[in-house]
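To start, I am sharing the structure in question, which I have written as structure tokens.
Naming follows writing order (A, B, C, D and E), and every chain is counted from residue 1.
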Amino acid sequence: MTDRPTPSAPSGRPASSHGPSTGSPSTGGPPPGVRPQASLPEPSVIPEQGWHVGHFFYRFRRDQLDAPLSAEVCQQFCAALAPSDELMPERLASYWTSGHEADFGVIVMDPHPGKVNAIHQALLAPGIGRWIEPAWSFTSVSEVSEYVPSVESYRERLIRQGDAPDSPELAAKVSAYERRLPMMNRNRLQPDIPDWPAACFYPMNKSRVPGANWFTEPFSLRNQMMAEHAQSGMAFAGKVSQLISVGVGLDDWEWMVTLWGRNPEYLKEIVYKMRFDEASAKYGEFGPFYVGYRADGREILDHCRMTG
Amino acid sequence: MTDRPTPSAPSGRPASSHGPSTGSPSTGGPPPGVRPQASLPEPSVIPEQGWHVGHFFYRFRRDQLDAPLSAEVCQQFCAALAPSDELMPERLASYWTSGHEADFGVIVMDPHPGKVNAIHQALLAPGIGRWIEPAWSFTSVSEVSEYVPSVESYRERLIRQGDAPDSPELAAKVSAYERRLPMMNRNRLQPDIPDWPAACFYPMNKSRVPGANWFTEPFSLRNQMMAEHAQSGMAFAGKVSQLISVGVGLDDWEWMVTLWGRNPEYLKEIVYKMRFDEASAKYGEFGPFYVGYRADGREILDHCRMTG
Amino acid sequence: MTDRPTPSAPSGRPASSHGPSTGSPSTGGPPPGVRPQASLPEPSVIPEQGWHVGHFFYRFRRDQLDAPLSAEVCQQFCAALAPSDELMPERLASYWTSGHEADFGVIVMDPHPGKVNAIHQALLAPGIGRWIEPAWSFTSVSEVSEYVPSVESYRERLIRQGDAPDSPELAAKVSAYERRLPMMNRNRLQPDIPDWPAACFYPMNKSRVPGANWFTEPFSLRNQMMAEHAQSGMAFAGKVSQLISVGVGLDDWEWMVTLWGRNPEYLKEIVYKMRFDEASAKYGEFGPFYVGYRADGREILDHCRMTG
Amino acid sequence: MTDRPTPSAPSGRPASSHGPSTGSPSTGGPPPGVRPQASLPEPSVIPEQGWHVGHFFYRFRRDQLDAPLSAEVCQQFCAALAPSDELMPERLASYWTSGHEADFGVIVMDPHPGKVNAIHQALLAPGIGRWIEPAWSFTSVSEVSEYVPSVESYRERLIRQGDAPDSPELAAKVSAYERRLPMMNRNRLQPDIPDWPAACFYPMNKSRVPGANWFTEPFSLRNQMMAEHAQSGMAFAGKVSQLISVGVGLDDWEWMVTLWGRNPEYLKEIVYKMRFDEASAKYGEFGPFYVGYRADGREILDHCRMTG
Amino acid sequence: MTDRPTPSAPSGRPASSHGPSTGSPSTGGPPPGVRPQASLPEPSVIPEQGWHVGHFFYRFRRDQLDAPLSAEVCQQFCAALAPSDELMPERLASYWTSGHEADFGVIVMDPHPGKVNAIHQALLAPGIGRWIEPAWSFTSVSEVSEYVPSVESYRERLIRQGDAPDSPELAAKVSAYERRLPMMNRNRLQPDIPDWPAACFYPMNKSRVPGANWFTEPFSLRNQMMAEHAQSGMAFAGKVSQLISVGVGLDDWEWMVTLWGRNPEYLKEIVYKMRFDEASAKYGEFGPFYVGYRADGREILDHCRMTG
């Protein structure tokens, strides 16, 4: 996959400047008084690590809808959610959603931001777009969090928790972690979507109010709280799978949480349980929640009565 | 009732994956580094305990309405609120509502989330849907709260309140509680809707601000505050009946409160009285309130002048 | 006036249950584990004390308006604000309002909530309703506040303020208060609307933030602050008349304040002066303010250029 | 100018009661238990002191606009901003505004609130009104603030600042202030609009949060902070001119600030500088800001591309 | 470039007063009691220092869009983003944007506010304007912040950081800074737009809550925090370039941040890293974030499926 995969996606570099007064390579430089680093990668929209992640939620627009959508428009809708190979992003899953805020939602992941947003634009393209109203979205990227322990810090944590420094048990645990880590990180950067029926989606911040300011706490304390928080989540292994992607600098919240559940009640249970963890209880600020049930385009149209 | 009761409801499992890159059972697993539990139930959208609960509020859309709704559209509206047996959820009640935010509201409960949301979708289906605008909704599930005392903790509480440990009075009270508990819990999970004319609906959170953080208080203190809170409510026995359903992980507030009143003044009185309980006064955060009066589809249409 | 005064108003009791699964008298009972009180009034929508109060604010919808409203539609508008005797609620007054939020507003009071809301629905009925957009509303009930002193507590307050317990002056004051109290309370429950040109309307809460939590203060302190607050208001006798109605459990704010002014500057002055009272300065949270000038339907249409 | 200057403006008194149940002079009286003051002015909408002030901001509505506005509609727009002598309020100025919130704004002042709001209604009247969408407005009245020093308190302040009580310098300063004060107060109540190209408009509150509650501070401290604040403003004499009008009881914010600038950079500078004054830094809460550039109707239409 | 460069832009001075009651030069004077400064520049809309900066974000309006935009309308769109030399502002760059809030955005800079806003108005002009809905905007001006060290304060800082006062190293650093400063300040006032593919945009305030009030901190402390903050940014030289423009007095937030990135991941990284700086962690309040990818008009239309 290249930097410019599809005709409708933007190039990794501006194709043209807009008149002589806009920036040019010779003038668009570093901030004043700062020398650029020795060697920098070529400008690109593709992260060195991680994928662009888009969450999109929609309502059908009904104020001018007198009849079910035509077969042609239904077909266009389904095609937007199941694009051809060339336009297919690395990950795509769709859900009908509960309540009035949205009728359905989509999660999309790809190295190229234009390929992610192209799914959104396909749902709003002339034809089907007239009948669909965007309700909410979130733009983020996948990453390996700074709180994921390195092999060495994992070893130190086990020792703090009681393992003897020279014990074979410790060595075995560390060795296992070292073997698992690459796969675990790949799963953080390029997660697979589990084949479960329910999911919930919500953004969050860490608070910065006087008396509960996450960003003025030392790393060691934040790291410890995040480890406890992770421990809470492990009780739901096999019941809930998660993706935490980063919206800092890209969208209105700092993180986006995606939880896939074997049963919707596990979604309720894990969020309730984790809310008592100090990292959430004291520092978590939560945005809108959406709960969805896995469905392809045709199932969404049927559930929403858009078909004749 | 099965996991997939109606054609338009989603299956308990994703019917298909969207292309080769989406998740599959072999890849969609637990969070990294975590072993799933020995035996897990089949993926399903139906909770093991409790029902899905939907609260939906609507306005009639009048900006293109030149005449009363046609008889056919009125009929479609009434049918959406009184579906056929096959589509009828376990509970359904409708209300006209006071004020400009909504003209009417519906509460729906069922084990299957698709059957709950299908009532919402039927009200927005082509035909009637053009004339109805969703105003607010809340998605939750019924549950037995962690603050409902077990038989043993009920006994301990009575002793703390002065009952002698070996007294026959204590034994009688505990025995009565033990007999009532299953029915009480059934009423929490599958509540009946009382035949009273008024109801109010509002969501709430427990606050997490510095100085009033519910989620950092110990269970014992939270439990005691909830017991006092329950005591306040008991003064309204016969006047007000309640349902507390859980939105944690599913919608924007943590809980949804439904109060049914023998008279609307009792709704005002109970909410005012309970606001002085520490659990509410210090920790309660309240969302929008809707007050409604029980009415079937035809009565709603008549009250809202939608009929000729 | 009966419990069911108009055809389009809802009955005091649900006219029908919606299928076999909805609530019935035998199942819709008290909260679990609670015995109802010995004798309870019949279910009704009419409060034992106080009236339902509706405040409604509207904008004319102009995005499709090419010409003045037709004479027929103007007539419908005026009729909605001056209904026939049978539909006329106990109190009704209308105002044109200043600014972009609303073009006009209505205050309505009646024992029956359906009769109050019927005024709102008449303004939105097919014909005129297409040209009117609800902007804001508030649902409340009139009441005698818990801070209104009883005869005995009034006597005690005077003694605390320096009256000699056995003085004839004290006896005379108490006796006068005793004679005035029933009329004063009637005016709180069923207030007359003064014949003054200006009015302002706004909702309010008492704050519950850490450091300024009204609901955790003892009654004695709240009572004292409310007495001081009332004292502030008395300086405006003859200039401003007020109605405080209760929205707790019914709408998004706890109280609704209606101030009628002999001159709009008195509205500004009283609100500014009272904001320094501790009850407001420390604990008052205020919602949107609307200022209106008394006008009947024709005057509203003329002021808003809706007539040809 | 009389109390009822224009046909479309409301009378100072309600022209009619709405049926027998609405208020009448004999029933609409003072608050319960309070004797009205000896002599009160006639009910009126015209303040004894100060003018009604309206700030109105608008967007052109473009979702149905296929072509420039017709010459007739353009003429109606210009006439609404330049009414005939009879309808002309005491002050009126219009501005095109920067950004997406509004395309243009108007400030209007007059003793009669109906004459102020009539400008707003003329812009929304059938014809032009279809193409204009109100974006924001604020309703206030001009006044002489309680923090404007009297001659005596001005003298005391100078002495506190070092002037000798019996010095001829002090006498001269006090005498000059005494001569200036009536004109200064007239300028506060009936301000002229300077002939400068830029202006900014924003509402504000004084905060009442725990730890920064303006309304619980003693007058002496508030007065001192306001004097320092005024001092900051004086550095901008000749660059910025201001109007502070009062919205308390009339609109959602307590004060409305209008700053006229000889250059828009002075608007930025004065607001930035004053934000460090304790009165603003600690107690100021600010609403939306609009910046505008003086323009008549035709210039607004041209700038906004509404003309052919 | 003059004060009145284009026909549709407003004049630097009001072209006419609106009737005899509006302000005139003889009456519109300084605030009461204040003598204007000796010599003041002519009234103008052009700042003595800095440029007007406009950020504009838009959605395509699709609720009436049945087919791709016509070639004529597409041409009008492209022309609005690439105006003729006469109308071309000093800087202009456009981006397609990720997510549902906006489809595309534009940043514009020019000494004349009318020339900046004319780009916005051209995008909303009859023809294309019907299909475009403004989503957000921000109005600001470029400036040299008070925290940019003068040569002398730069020297003092270096000494505090350990340089010997008389060392040739210090002299060399100071001399280099002195040479760079004019260019650096020009880049702050008239920044070039780098030729990189990604950018993010967000407004911010400095908090004034009790316990974290930026505006009550002494300059020395604020200056020190800003210096550390600048240090954080320098680590991204060559990866990220920034513009901080000022909205104080002009729009709803105090500052507008524009970050141009060589790769979108650097945008995430720099914002995340800087959030731990005390200036942000404790005092920063952030508004909506938009992320965009450089694209000209045709590329935006293609990405958004507006072309046939």
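Heads up, the rule we're going with is that a contact is a pair of C-beta atoms (placed from the backbone, for glycine too) under 8 Å apart; a residue touches a chain by one contact, two chains touch by 3 or more.
Since this is a predicted model, take the numbers as computed values, not measurements.
Peer 1: Determine the set of chains touching chain A that also touch chain E.
Peer 2: Per touch definition, common to chain A and chain E: zero chains.
Peer 1: Could you tell me the least number of steps, going only between chains that touch, from chain B to chain D?
Peer 2: Each step joins two touching chains, and the minimum needed here is 2.
Peer 1: Given that chain B and chain C are copies and touch, would you call their interface same or different according to whether over half of its residue numbers are shared?
Peer 2: Comparing the two copies, chain B and chain C contact each other through largely different residue numbers, since under half are shared.
Peer 1: What's the rotation angle, in degrees and to the nearest 5, for a C-alpha fit of chain A onto chain D?
Peer 2: Fitting chain A to chain D on C-alpha atoms yields 145 degrees.
Peer 1: On a C-alpha centroid basis, what's the spacing between chain A and chain B, in Å?
Peer 2: Going by mean C-alpha positions, chain A sits 29 Å from chain B.
Peer 1: Using mean CA coordinates as chain centres, what's the gap between chain A and chain C in Å?
Peer 2: Those two chain centres are 47 Å apart.
Peer 1: Scan chain A for residues touching two or more other chains and write them down.
Peer 2: If we look for residues of chain A contacting two or more partner chains, we find 64, 209-211.
Peer 1: Just say which it is for the chain contacts: an open line, a closed ring, a star, complete, or other.
Peer 2: ring
Peer 1: So in the complex, the part of chain D that touches chain E is made up of which residues?
Peer 2: 60, 62-68, 81-82, 85, 88-94, 96, 98-101, 103, 177, 180, 183-185, 187-188, 192-198, 200, 209-212, 233-234, 236-242, 259-260, 262-265, 267-272, 275-276, 278, 280-282, 284, 288-289, 291, 293-296, 299, 302-306
Peer 1: Can you tell me which positions in chain C touch chain B when the two form their complex?
Peer 2: 7-19, 21-25, 27-37, 40-41, 43-50, 52, 54, 56-57, 61, 64, 113-114, 116-118, 120-122, 124-127, 129-130, 132-139, 141, 143, 208-211, 213, 215-216, 246-252
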